[in-house]
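Once you scroll down, you'll see the structures, which are given as structure tokens.
In what follows, subunit A forms one complex with subunit B and a second complex with subunit C.
Presenting the complex of A and B:
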């Protein structure tokens, strides 16, 4: 893994857990909990993109939202090197999960989010310019300077500043997503969570928006947590990729290493299930297990074609397999898994 | 405003036309009404309308005290309109605020507010008004307060449901992520998305309030007798319904037409907001101001 102390990390998450209560019955009694996230560790360096992939329900979206405190995490630490807090005379690194509301408001300028659905991520009743300017208004910027700033931001994301006067429904999906990116950039953040930010777009538009993300990263030194279910998308933008399964990271590797030589059977299955010229091979059978009652041992063992008896009893921890990759599999060293 | 004109259908035109006449009567009553509504002329009491054998001096006839029916109807529009506007504005304000709080914060706040709605909805309005007027005395202000106390629930229920859905929308999440205060989010981002549906409810409520206010005046629970009101005129004319049909017919028509007018406007607006009728969606209406 790169960034092992050689560079100061921007964000360092340890033991992130999120549990949702499950209510059942006539009186909506608390019948149990869903472990959406279970001890997730992540590091992101300044200017780096960490891809986060997994099936629906794997917890990847929850992870992004918990880090931004859009959802309150149940457990964990998240050390963030905040420019704004430091400028305001605060400490150099802040634990996001412990930050009081006043500090959180400052922190919000340094971390932003771009959502999946460009149709619901903009307020339909407000003009594009107003939508983009909302974070600036919240930060106390005056109206004339907001206008100037919005024009610049729209230009930065490749939109004509005349779109300011339009309403969201007058724009295409790709244009709206650019507007959402402009809004996320408004406060000059260091870190952006892209939550399935291109999944809802046409394939032809996806590439344009992905390139925009890369250009902005180059120009502004942004770090991304790029959440997606599409491996090809994540591969295109990420320096490193974390693969999630049932609320845990099962593999964390440099992008090239992950695709050349996956170390976890689930990663192999994900890579293999991308429809190619010769069609998709269904390597994984069945549905992901019910997260209320996760399987014993390795969470993937009921669907794993390499499963051994030990997999049903002992949960393998995430451990370093090669300098470039870590995996949570008992047989990570011995299995010869297929990449691309 | 031009999009309103382009989208008006027959129902909308009729509704707005009736509303215009009623508002004109209320505002310009002293100039429009031919006589003083409280001027008594016992010599020409119970005169029939001009087209029913009466004189041109009293177009719609006179009542027991010789007061001009047309003038009283014109002045009576004031009571109906003021009550309706004040009651609807007050209940919309209270109901919307409570509904937004319940929907956005959920939990205990939602439980308290929504159970209160259930309780208020379970009390018959006439009973509530009866108790209220007996305790505080009949006056225009008390009528308005009674309406607000009962009708806020209409807005709360609608606002609550809509906010529950809006709260999860990504643009609201983006506002949270951008560090907007909760007050800002509610006032700048949630409220604008409630305005359309709540406006429809408010318009339909205007008709309802006018109807029920007339009922209260008829029961003697509304405005004092010296203030001309449509419901009060019905009450006075009731005893003479066999002799002087015009005393109940014309105020009754005034009530009916006004209520129909508001309901037409409300229906028309609902059509505009309802995607199933193929008109514009709320998002589009907002964009054409």
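Presenting the complex of A and C:
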């Protein structure tokens, strides 16, 4: 499993789709489907961070969860190079969406998630030590070695091992997020989905946790899918960035290229909208449309200031524009879009 | 600043949670003023007291446990001496709220009543404060919706809050706030719950409205980018106190207080060099009431000295910022 530049990939997703049923009326009649994700392709190399940005309803959170099979995908393929499965005598790459429950249990060690709100992902009735040790217990590690391992993990995320005896409500938001990260690291995963993992934190604490993610990546060679709505945060941690709109990737580029020369008008609109001293350069009209009734053609065309008649009828596929950028826009080559 | 009369002048405001020996100070001598037609931003992290300050001005503090224990909140109504909101009676406050001072909250859905049409909710303020008839109030409500950029306002006025998107709801809330053309608009994180493209629209709308009505805005936010875009002056708060204040350009480009410096150094921006490492402030905000003397930031400050146990002086730098810090005192 390699990409065109012949890098060995850790994860390769093709044609990922997720549909949710929509129910209406008194008898909750099934009235249709929402396409939360549509034809999403992405690759992640070992030790790499792919940022996933977009506004509400863009599908960024659904993508992260579907890849980990916390949500069952409706369509698509996902190949993952699992160390644990290979060590157990399985194939070198596993098809995540076809993996049987026995294989999925092994895969869980390699793929973890850190959520926005650590308070809801930690068990409030268990001490911090027990919370962090939970995956180790499930993996069959003995009690004394678990304790030693938990102390080490807490140290790795910058927490005193004395916190082991505390309960989640006794910790601050930043400390709880560190605990959630320690637990995600317990089984030495290769890949972590960070789902708005710093969004709820105050800025001084957010910077601490962002730096922790970067340090852990350097020390352990972790790969991240970093899902967030804050463009500057994603830029800080990501090697490459995928911009999502209404369930599709509209631009996928190297971080520097994305900000130097965006290739999709929506990316430009996002950059323009970030508040700052000069004020927003241009304000895009309208709001993200309801995914139940997506627009025809290019999903962004009703809000796009460069839209042409063709944009309302034909949906442009995501295609490579330069070696560093791919965009789903009919006019990606000719538009002179403004970066930072 | 000296000659001009402030619209709102907050002097040594103190708010405590609880009573007697167990009372914890949540606002500890907060002072600032908002000038006519200008925007003052209060910035700080959770627990710094920025929202509490707004609620104190509106006299909407949850009492008990919170109560104002000292200081004055002088509001200039343009006729005669300024009114002290800290000691104003309920009836005066009721007449003032929504008419002279209006507030916009973070979550528009909680500010709107789900069972009344939007038009009625805007009109209600006008019936209450301006004595308009139902019919005239509704007609004015439609005009206000048009003003805040809600498309097809006649139709929208008859709709209920759940039929509005997040951005449109916040526009409706702004329409309610503007109904009586208040002299002071208090906005508490008004765009935090919105998507970034919608946030840009609402911020632009607030700017336009301010120019049109020459109103003053007290803007409460945790986002330095929003401060830079919206405010003329900024107040930085930490643990219930003002640590620095001044013109936005001066505070953002040359912060004088170590806390303001730390706050700015911990925020990633779109134009910072890719290889620059964020410098977070170490540790975390201590609990309210745990440090009650000296510089409250000294437990996290990289420059803390022995003298920081004593209350720091307020020093004005050549750039025009005022910071409460011994180090700034030494260097000027």
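The definition used in the following text is that the second predicted complex is superposed on the first by the 334 of 340 C-alpha atoms of A that agree within 3 Å, B and C clash if a C-alpha of one lies under 4 Å from a C-alpha of the other, contacts with A are read in each partner's own complex, and residues count from 1 in each chain.
Everything below uses one rule, namely that a contact is a pair of C-beta atoms (placed from the backbone, for glycine too) under 8 Å apart; a residue touches a chain by one contact, two chains touch by 3 or more.
Quantities reported herein were computed from a predicted structural model and do not represent experimental measurements.
Participant: With both structures lined up on subunit A, is it a clash or a fit for subunit B and subunit C?
Facilitator: Pair status: fit.
Participant: Is A:187 contacted by the first partner subunit B, the second partner subunit C, both or neither?
Facilitator: In the superposition, A:187 contacts subunit B only.
Participant: Where does A:126 make contact in the superposed view: on subunit B (first), on subunit C (second), on both, or on neither?
Facilitator: first
Participant: Let me test your reading of the model: by the given contact rule, A:207 touches which partner, first (subunit B), second (subunit C), both or neither?
Facilitator: Only subunit C is touched by A:207; subunit B is not.
Participant: How many degrees, to the nearest 10, separate the directions from subunit A's C-alpha centre towards those of subunit B and subunit C?
Facilitator: 80
Participant: Is A:172 contacted by the first partner subunit B, the second partner subunit C, both or neither?
Facilitator: Second partner only, subunit C.
Participant: Which partner does A:336 contact after superposing on A: first (subunit B), second (subunit C), both, neither?
Facilitator: Neither partner.
Participant: Have a look at where A:72 lands relative to subunit B and subunit C in the superposition and call it first, second, both or neither.
Facilitator: Touch partners of A:72: none, neither subunit B nor subunit C.
Participant: Quick check on the superposed model: minimum Cα to Cα separation from subunit B to subunit C, whole Å please.
Facilitator: Between subunit B and subunit C, the shortest C-alpha distance works out to 11 Å.
Participant: After overlaying the two complexes on chain A, where does the subunit B footprint on subunit A coincide with the subunit C footprint?
Facilitator: none
Participant: Would you mind writing out the residues of subunit A in touch with subunit C in their complex?
Facilitator: 55-56, 172, 174-175, 202-208, 210-211, 229, 231-233, 235-236, 255-256, 259, 269-280, 283-285, 287-288, 303, 340
Participant: Which subunit C residues qualify as touching subunit A in the complex?
Facilitator: 45-46, 165-168, 195-201, 203-204, 207, 222-226, 228-230, 248-249, 252, 262-263, 265-271, 274, 277-281, 284-285
Participant: Sort out for me which residues of subunit B touch subunit A in the complex.
Facilitator: Going through subunit B, the ones touching subunit A are 169-171, 173-181, 184, 188-189, 192-193, 195, 282-284, 286-287.
Participant: Touching subunit B in the complex: which residues of subunit A?
Facilitator: 65, 68, 70, 104-105, 108-109, 111-113, 115-117, 120-126, 131, 134-135, 138-139, 167-170, 180, 183-184, 186-187
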